[in-house]
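Labels run A, B and C following the written order; every chain starts at residue 1.
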Amino acid sequence: MDMSVARRPEIFIFITGVVMGLTLFGYFFDISEVQNAVQTFQTWATGIGWFALALGFLTAARVHLNHIRRRTPGRWYFSAWLFILTFIVTVAGLISQSTGFYKWSFTWVYTPLGATLYATTGFYIFSAAYRAFRARNLESSILLIAGILVMLGNCTVGEVIWNQIPAINEWLQLNGETPAMRALLFTAAFGLILFGIRVLMGAEKRFLGVVEGGGG
Amino acid sequence: MGEKSIWVKLGELDRRVLYWTLFILLAVPFLYPLGLPVSISETTLTLYNYIETLGPDDVAVVGIQAGVSAWPEVLPGLVAVTKHLVSRGVKIIFWGFYTDVDMTMNAIKARVPQLKWANEQVGSGDYKYGVDWVYIGLLAGGEAAVAQLADDLHSVIKADKFGTPADQIPLLQKVHNAADIALVVTSDTGDYGDYYIRQWAVRYKTKVAEVGIAMNYSTFIPYYNAGLAVGALKGVRGGAEYERLIGSLGEGTQRMDALNVSHLLTIFAVLLANICYFMTRGKKGGGG
Amino acid sequence: MPYPTEPVEILGAWVGAFLTIAIYSYILYRENLVFRFAEHTYIAVTFAVSIVQAVSMIQNNIIAPLSNGQLTYIVPIILGLMLYTLPFKQVRWMARYTVSFLVGIGFGVAIRGSLTASIIDQVLGSITPPINGSPLDWFNYIWIGLGFILVTMYFTFTVEHKGAYYYPTRLGRYILMLGLGVYFGNTVQFRMAMLSGRVQYLLQVFKIIPWP
């Protein structure tokens, strides 16, 4: 059987268009058959999401297998360690999630390391504050002054320094930044809708990894 | 070439000096806490006031979309809001879209002792599992899943975390879609707050509140100002404010001291760097 | 919760502290063997957690209803398994069926919600005047309404910011900078709260301060 037909981009664009079209149609028009279909789609998407959880491993496994196969200097034994540990912790977790080595790894490796990696940016933002935030012009001066006032307002010592700091911070958070955040939300939503229209018209193929000559 | 001035040297300070200074000084407030008072923001107060109107007939969802890695920022707020919901007798459904949601659930439970698992002894004022509260565990599927939970909770949730079928859990029998939920508390490091607003608040008028990281507070404010959200906590600062409102000071209040040190240090760094910049600008031929 | 007392738990606390320092060795002394070990250890455990969670949730929420006769659950199983063809070049096209379905439902759901939450309600929120408002309420009303228009004009890149557009977009840029300044301030709070959490953890493991 010729499988090339099953790979034609038109099929995928059709699927996306129909699913997206029905989802929007069911929202604006009270037709129970369409709404039921959309709900079924949403349930399926949730189910697929669970399969997607383990996808990262499969993608990374290729890279690490290559390191082992080629004996990449300084890397391959770490890749081997990664596979061994993944296997041991997975097996332990499939036996019991609430006891044993899985729970130990979760508590003492996953938790502290996740938090550590996430917190690393604290160092970077501090050094960026020292090296990059210069009042070179009016724009950067506005950004700096607003940032400093918010920092003072977010910590409790700010109001000890000046009792008006909480009121200024409150204004900046609730009103000062609203035009910018609202405009970002508004323009991003327009971008989303335009993307949807392009998909419905079959003009958008990038999400499938199909980019025609010249990009597009 | 002449020797570099003090301003040039300061401006070119090695990053390791900066990192060590920050790391060491952050330890000081844990050794010598200050415990300065915290003033209450409007968005914290509106959430508090709304929960004050709820009672035992109401059901709230606590959606955990922040990982263990974000605990220092979000856990104090989550715990304080849960304590408040429990004090009002509001029924609670916990779930999460983050792989380590079990750890966060356990951390909340350890700090709110009224929440009892099914195999634990229930006393007066305690929350009986399955009746007063339930834990669904991990969910997946992004915004489509959030939308489907709003439309038909039972089509997504077939069982709780422990595999007990949903039709055998009394609390889940009371709720069918977003209209049955009085409040969604969403704790995020990502976009899930937007999802709950778009799929729950817009379509079912469900009240939504953000208890996420401080950056999400910024992006959530347009929703609050447009009347789509009932309140928001600004990360650990919001958590500390809520602890004060419910009269139960905890980890949020403690962490405010560390924020004092780190924020003053960051402000000092910015000011010093700018002084160095202005002192050396002309001498470098226009600078910058 | 007291300091761990079981030997295996004490070992765990010290392993966590060692790995924390190992990760921070990167930002102080660049790539090194200790960092690489900690990095691969974390990735391995993260993969294991994802796999275990996926298996458990698929069992509870897909296999269980399917075995109870709800046959439509066969579709997410097929589409979900097709995702696993992504790493293999020859059969990767199969995953496109799943991707095209997810893009369709994902964007459809997002667009329908955004229309109201991000567009209609944001405009209404900007043009609705305060009732019995104070002078500050009226100032905020004008600030938000006008500022929203000016920043949106700044984001309009299809028109050159020249002539009649010059000053409004310039002003929009300043208002945007104010918003980003506030966002930066909040970012510092988040990052510093995280970092203080790690410092606290190390102090606890080394018994300098009590365990929470």
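Following the convention adopted for this analysis, a residue touches a chain if its C-beta (ideal position, glycine included) is under 8 Å from a C-beta of that chain, and two chains touch if they have at least 3 such contacts.
Everything numeric in this text was worked out from a predicted model, so none of it was measured.
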item	value
Partner chains that chain B and chain C have in common	A
Result of counting contacting C-beta pairs for A-B and A-C, higher pair	A-C
Centre-to-centre distance between chain C and chain B (centres being mean Cα positions), rounded to whole Å	13
Computed distance of Cα centres, chain C from chain A, in Å	5
Distance from the mean Cα position of chain B to that of chain A, given in whole angstrom	18
Multi-partner residues of chain B (each touching 2 or more other chains)	19, 22-23, 69-72, 99-100, 139-140, 142, 144, 147, 156, 214, 217-218, 222, 225, 234, 237, 259, 262-263, 266
Contacts with 2+ other chains: residues of chain C	24, 27, 46, 49-50, 53, 56-57, 61, 102, 105-106, 109-110, 112, 114, 118, 122, 125, 144, 179, 182-183, 186-189, 192, 194-195, 197
Residues within chain A bordering two or more other chains	41-43, 45-48, 50, 52-53, 97, 106-107, 110-111, 114-115, 117-119, 122-123, 125, 129, 144, 147-148, 151, 154-155, 173, 177-178, 181-182, 184-185
Chain C residues touching chain B - in the complex, by the definition given at the top	1, 24, 27-28, 46, 49-50, 53, 56-57, 60-61, 64-65, 102, 105-106, 109-110, 112-114, 116-118, 121-122, 124-125, 144, 179, 182-183, 186-190, 192-197, 199-200, 203, 208-209, 212
Residues on chain A engaged by chain B in the complex (per definition of touch)	39, 41-43, 45-50, 52-53, 97, 106-107, 110-111, 114-115, 117-119, 122-123, 125-127, 129-131, 133-136, 144, 147-148, 151-152, 154-160, 166, 170, 173-174, 177-178, 181-182, 184-185
Of chain B, residues touching chain C in the complex	16, 19-20, 22-23, 26-27, 29-31, 69-73, 99-100, 110, 137-140, 142-144, 147, 156-159, 163, 165, 194-195, 197-199, 201-203, 213-215, 217-218, 222-223, 225-228, 234-237, 251, 255, 258-259, 262-263, 266
Contact set on chain C toward chain A in their complex	8-9, 12-13, 15-17, 19-20, 23-24, 27, 36-58, 61-62, 72-73, 75-77, 79-81, 83-84, 86-87, 93, 96-112, 114-115, 118-119, 122-123, 125-126, 140, 143-144, 146-148, 150-152, 154-155, 172-189, 191-192, 194-195, 197-198, 201
Footprint of chain A on chain B - complex, ascending	13, 15, 18-19, 22-23, 34, 36-39, 41-43, 67-72, 99-100, 102-103, 139-142, 144-145, 147-148, 151-152, 155-156, 214, 217-219, 221-222, 224-225, 234, 237, 240, 256-257, 259-260, 262-267, 269-270, 272-274, 277, 288
